[in-house]
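Listed next: structures, encoded as structure tokens.
Next come two complexes built around chain A: one with chain B, the other with chain C.
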Partner chain A sequence: MGTKLMDRRLFLQAAGVTAGAVATVQVGCLSYFKKGRSAAADNREVPTTCELCPNKCSAIAVVEGGFVKKLNPNPENPKSRDMLCARGNAAIKQVYDPDRLKQPMIRVGARGEGKWKPVSWDEAFDFAATKLAEVKAKHGPEASLWSSTEGFQEVFFKNLGLAFGSPNLVRHPTLCLASVNLAYSATFGTVPSFDLLNSKFVIMSGANRFESIITPDTMDLIGSVMERKAKLVYLDPRFTVTAAKADEWYPVKPGTDLAFILAMIHVIIKENRHSKDFVAAYTTGFDQLAEHVKQYTPEWAEKETEIPAADIIRIAREFSDAAPRALYYAGRRSSWYQNDFQMRRAQAILNAIIGNWDQPGGMVPNAKLPKGEFLFMPWDEPKAARVDEIEKHFPLAAKGDGVYLKLRENVLSGKPYPVKAWMVYKQDPMNAMPDQAKTLKMIEQMDFIAVIDVHMSDMAWYADVVFPESTYLERTDPVEVMPGIWPAVVYRQQVVKPIHDTKPNLEIVQGLAKRLGLSDYFDFTIEQWVEAEFKELPIPMAAEHMKKHGVWAASGQPSFGKTLNPDHRFVTKSGKIELFSERLQEAGYDGLPVYTAPVPPPSDRFRLILGRVGYFTHANQSNNIWLNEFMKENDLWINPKPAERLGIKNGTYVTVTSSVGSVKLKVRVTEEIRPDCVFMLHGFGKKSKMQSLVYNVGASDAVILETAWDKVSGNAAFHETFVKVANA
Partner chain B sequence: MRNTLKLLAVVAALAVPLSAQGGSDTKGKFFFKKTCKSCHATGGSAKEVTPLSKTQAQWKAYFAAGKHNKGKEAITTVLKPEQVKDVQTFLVNHASDSPQPETCGG
Partner chain C sequence: MAMKKRRYALVIDSRKCINCKACVVACKAENGVAVGNFRDWINEDRQGEYPKLRMDFEPEQCHHCESPSCVRVCPTGASWQRKDGIVLVNYDECIGCRYCMIACPYDARYFVEETGVVDKCTLCSHRVDRGDVPACVETCPSKVRIFGDLEDPASRIHELLATRRYRVKEPQTGNGPQLYYLL
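Coming up: the complex of A and B.
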């Protein structure tokens, strides 16, 4: 362990000594209140890019006395709109978290027992490389699995997996937004942004944008709804903050949003309200669509959705009247039901036929900015096919991301081949995947597991070796282009040196690569990588600009309508916007969205639904001491009617049981949820004792969620679990 | 970087087996960016080209017809045959009508 190592006690001692020295030297009343400062003052402001969630907002770190004292929003980034949310502010506590990983550790007890031996980096690298080489020698490189989630240094981890020879990289999208990405890609050839800043009429299905923050969408929605009086229609079985701020809230019957959308299309076409010029010039398959939606009347949809037919008709009329400044918002975490892809396709089609494409207040294809690229050595393609058999079961899905749940099924069955090593970067499959017991079985059958992370996640808790990554405020990362209506290039630069014996991911990858004989593929420094990226930024003295400002955004207003010319070719099979999709049909799917009614829960059970809040990111940040103050324990929302029937009182504890597991948590009896659903928040009930604030506090939804996925994208279907609730 | 260049030469010499199977997308991307884009870029000496410049059928036809194979600017003067195959694979895989579902980050 190096000199950088500092645990909480030492840190507090050091701070105390410094403060004491200052108090000794300075006399007088005013100095009594002066905060501790390092003798050699290290006071700076450093622009950087937040990493507490995927939004990548620009921040300015205020360093005083060598410590990160405060994080301020950076007004130069149009995407983050001069805003830094609660999570962004709390990044300071990620650096100075006494629970964080402070040095490499090798497991010495049983997996999950929590017995660890602190080791040197060399020892950790040697151990991991030996284990990986053993798996490779016995089963081939394809027997290694490389799991990661998005981040500026993820590229290095993925490249190590590929250079090692494994085709089995698996990423987060099929636990998140793969269905929406695939649906919009299949329709428009791209996934557009939604111009909430200029829209007059917004419909959202379960996209709880007031609480689940996406920049700039959340701020623009607040602006458009609260200040500019745009109309917001919101569908959600739960009365969220977004529902509270909406003009109309419909507690839609879960799993029936597709019926609502198809009925809207029905009304708009029947009443000739679609944009005829746009449809004729830019789309294919309109006649098939018109014929297809004849069956989906508002009266039929009322029975499915429990939204009155008169309201569906009125909303369809108001929506088309507001076009092109009207949009059906796509949402982000789109992993709900097994028909999720087709529901998102229907949204895309509805948007297309009102002609809101590339218009202010509508859907806008993302503008991009150029940047250079560090050309690294290419390796041979992995020879084996993917273990999740994505080509066979999900031929249209993004191959580079894989399909998480199908992959787990195949790994558990050992077919088509065994997978025996699991490398994980920055992800917690223990909480991200449904059915934790299955994930634990997958862990059990691994010969080797390594995790690279900032903190001891539940996945790390079950690993054989953990590599501590430096927090984002302690490292420099690759440059990132943020495409959008207001595109920007952002740069994350080191604010303070690592305070513990940690490394950036690139150096961890290089340490492993060296011992695996793969050094030539990673023969560069982060500075060389970043310099290559700066080179092609179209601004003078790009490197100096990015280091000084942390962000560069193209000046001026966004330009709309660049794709609205007859010669524009959409990146689809036909070159047009595909209302009907031949490619889907050829792959064995419905070329137009076909509605199938969801199976309702039995009378003694509830549908479990999930959601997000603004102060946690997925299953992360609940152990951040500042954010934990917002919510110290998750609870189960249940409607008063079933609660009364079951004799359940507010604030007591209940057991929640599905076919795969059971958890105990506090109950919140509230009118703010439909009687046929219950809701719980992600990110509690941790198994890792190094998540001390949430260890065994509340419950993890992953324990009770069952395995199901969307048929086209393979996206996990998180709202397909029925649970029993009873007093504990 | 010395090692990288050394390895690059080795890979270029050993790229035959994959090319026989239709080329490598990963290597094709590398050679396209390193070699082709040195001319076919914005402000370059030749017309800007990206994979989206043609459809899959057009790219296949382009290479089948041996376009860009003549004179001192012939593609074969800057890329070995197997590398051309890699570039073709990359361009076809990412052509303007290819299925390209977007991802998140990464």
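Coming up: the complex of A and C.
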């Protein structure tokens, strides 16, 4: 391997120097040409934007001989800085993955049987359009469901759903971060960033920032904790990498973080440690808050959380002493418990009363940058109400995102109306939603399912037709503004031409739109769309700059305190930061976070908790060969004490059973978890045989997770499942 | 004109390592390392009893030793050392005897079945020669590794080794390893 590469590199260098480097070719690389590659070596460096997770890091693709050989970090991006993580580096293997979807396919066997017929794009489009039209004729356009997840080309998919006339777009937030978004919006009218770089005291509940990589937070935390000696207090039932790096780790009793936060607020108010000037100038409801938290003493919280009262008092004092350079970090995946919204609200309130708003080292409202818009023909608003009845059950939730689990319940019951077609873009509901058996039931009752993806996800495996999307390195995408403390604009441009018969999502959408009589709404090319976006970027020669650099950020340092003037109106009902929220109360929720103790697992069961490692985020990444090398199979973490009690030995297999399913997993007996919890990693135990590295290897958490959600946001509650563990 | 003397080395601040594996995958891509082989890796040390625990990580690769035993034992001269300290394998001269693999105190070498030669970390000499840092150094989110020239008094690693306590691994071998782990 090494020899071949060396030769090729020498050849490429030589070929780069002289156009007619035929002699060199004959010496070095005969086999290179036998494979039919061009004599004019295609060597380039192309700036682009990573798509392996939602961070959108800037990368420079190194192309050698027409192949993407390496992705280097692009230091011009102030969010991703000068790094590219393992996933980002492994994106090359997404392109050259033998398991990739290589042409459109129509199912010929039973759903999930894995029998496929490769078809032409015309045949696939015709088939899907006919099926969609049938469903529309029989049940109306609202009988189609459009599921998608975050991505630069997601907009085209959503627009097709809306133009088709369906109100039923459902997106990932309620399986991820809806509760944290809603809680901070309810308090501040916006979701801020957290200035970990400049903070002196950071508290984190679970948000395992050293394994769940978020830019720039992960790097900033390393900087603040390791280099500038900021203090990190970390609560997690599991000893994660973040726990290991923290100054103090508390293996908090699961689901009781809210008690810890309320007790901190209690101490800070009781000891008069809050920022009185800030509270008076910018907030409402402080008196109600002070009265409300009187009941939540540190001694009470010790019983709930198992964190000693003396530590809670000390942490509250240290935290308020460090203010405003102190913050309770919000986290991203906030789909844990049924009280998740109120837990996040309490964090927001704690942050507010110490006055860290819009301060270095505190919370900072995101700065934005303008971007042009391509003006396309508007469609009529869908007439039907949403099938998840979001208005009725979750009046404060984001309407455009929908509420995933409630939606599944309603689709299964056929009420308020039937949904018979399921269109999916870039998402794997089979693994993203809890209770896979229920998702399979939802699949069964569909008349038609189509999936657009780069690979054969478990969802695609159960589809009737799959449309192969080109990978990000093979596409040009819309321009993305990344709001933040230091906002930036990123651009993803095609690095290499598609190596298989795949299309970018826009062209797939256009193929369907044409046959559905919706072409007028998609009468543009990606180049036209991007040109329109470039036009209003605050950059001279925007198109040239973005093509050359892939990213643009304002020069100079970020500014703080723009909202800190008494005339500033927050986007809340009162125009102030709402410690007590009338809007919540009017909607039938608690205006201040009220604690209810979580139900503990029965003595013969464990609470199942989830998390991530640095090299896997999404379910599809375990099938990337460069990442799979680090973990070929997921396992079940269990503390040695219960393991001994149950006669379970390290490395053997156990069955893990909940009320909805059962899986078999290898055991990891480890001190690094509370005795009342077990842990497993996401993304294994695939049903799709075209995820060949992880097909039937390990287990999917979705099989055993039970359905539960947060009452206010509708966010899935993934840590509310109790499981029985027994030797297999 | 005499060439300026260089001595490349890595200073490693292991405390900042989060075991994210970015360096390992970057190396794979940069150097075309086959699946199953690794030119760099991260050692894990997990100790203690719940809830008193610790977890430490330590990135490692070829130590590009001052007096490399792999070069000494090589019967053909395939394993060799550049003047700037980088230890390399000349694939054309390697006969695949694997003495060097046994001689390396760090287990930093591997045998490539397809080509019948031994391979290892090159400190990305091809990148270094054009003025870039090795791929593992560049891609790291926490910048655990600091690459530089020990002969250059203005370099960051020169300063770090002058002002910080550090250790090297297996110093008793006399190999003179050039991976400096900060304490």
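As a working rule, the second predicted complex is superposed on the first by the 690 of 728 C-alpha atoms of A that agree within 3 Å, B and C clash if a C-alpha of one lies under 4 Å from a C-alpha of the other, contacts with A are read in each partner's own complex, and residues count from 1 in each chain.
Simple rule for what comes next: a residue touches a chain if its C-beta (ideal position, glycine included) is under 8 Å from a C-beta of that chain, and two chains touch if they have at least 3 such contacts.
Predicted model only: the values in this text are computed from it and were never measured.
Placing chain B and chain C on a common chain A by superposition gives a fit, with no clash between them. In the superposed pair of complexes, A:Ala244 makes contact with chain C only, with no contact to chain B.
Contacts of A:Cys85 after superposition on the shared chain: chain C is touched, whereas chain B is not. In the superposed pair of complexes, A:Pro308 makes contact with neither chain B nor chain C. In the superposition on chain A, A:Pro98 contacts neither chain B nor chain C.
With both structures placed on the common chain, the touch criterion links A:Thr572 to chain B but leaves chain C unconnected.
For the three-chain arrangement built by superposition, the Cα-centre angle with chain A at its corner and chain B and chain C at its ends equals 130°, in steps of 10. Applying the stated contact rule after C-alpha superposition, one finds that A:Gly112 touches neither chain B nor chain C.
Once chain A of one complex is fitted onto chain A of the other, the partner contacts of A:Pro558 are absent, as it touches neither chain B nor chain C. Once the two complexes are overlaid on the shared chain, A:Pro360 sits clear of chain B and of chain C alike. Taking every C-alpha of chain B against every C-alpha of chain C after the fit on chain A, the minimum distance is 24 Å. No residue of chain A contacts both chain B in one complex and chain C in the other. For chain A in complex with chain C, the touching residues are 1-6, 9, 69-73, 81-86, 88-90, 92, 210-211, 213, 218-219, 222, 226, 239, 241, 243-245, 249, 251, 614-615, 625-627, 629-630, 639-640, 671-675.
Residues 1, 3-4, 6-8, 11, 18, 24-27, 29-30, 33-34, 42, 52, 96-106 of chain B touch chain A in their complex. Here chain C touches chain A in the complex through residues 13, 15-16, 18-22, 24-26, 28-36, 46, 48-51, 53-57, 89, 91, 112, 114-115, 117, 119, 126, 135, 138-143, going by the rule given at the top. By the touch criterion given at the top, residues 54, 148-151, 154-155, 158, 162, 171-173, 176-178, 181-182, 184-186, 189-191, 370, 373, 375-381, 396-398, 400-401, 519-520, 523-524, 569, 571-575, 583 of chain A touch chain B in their complex.
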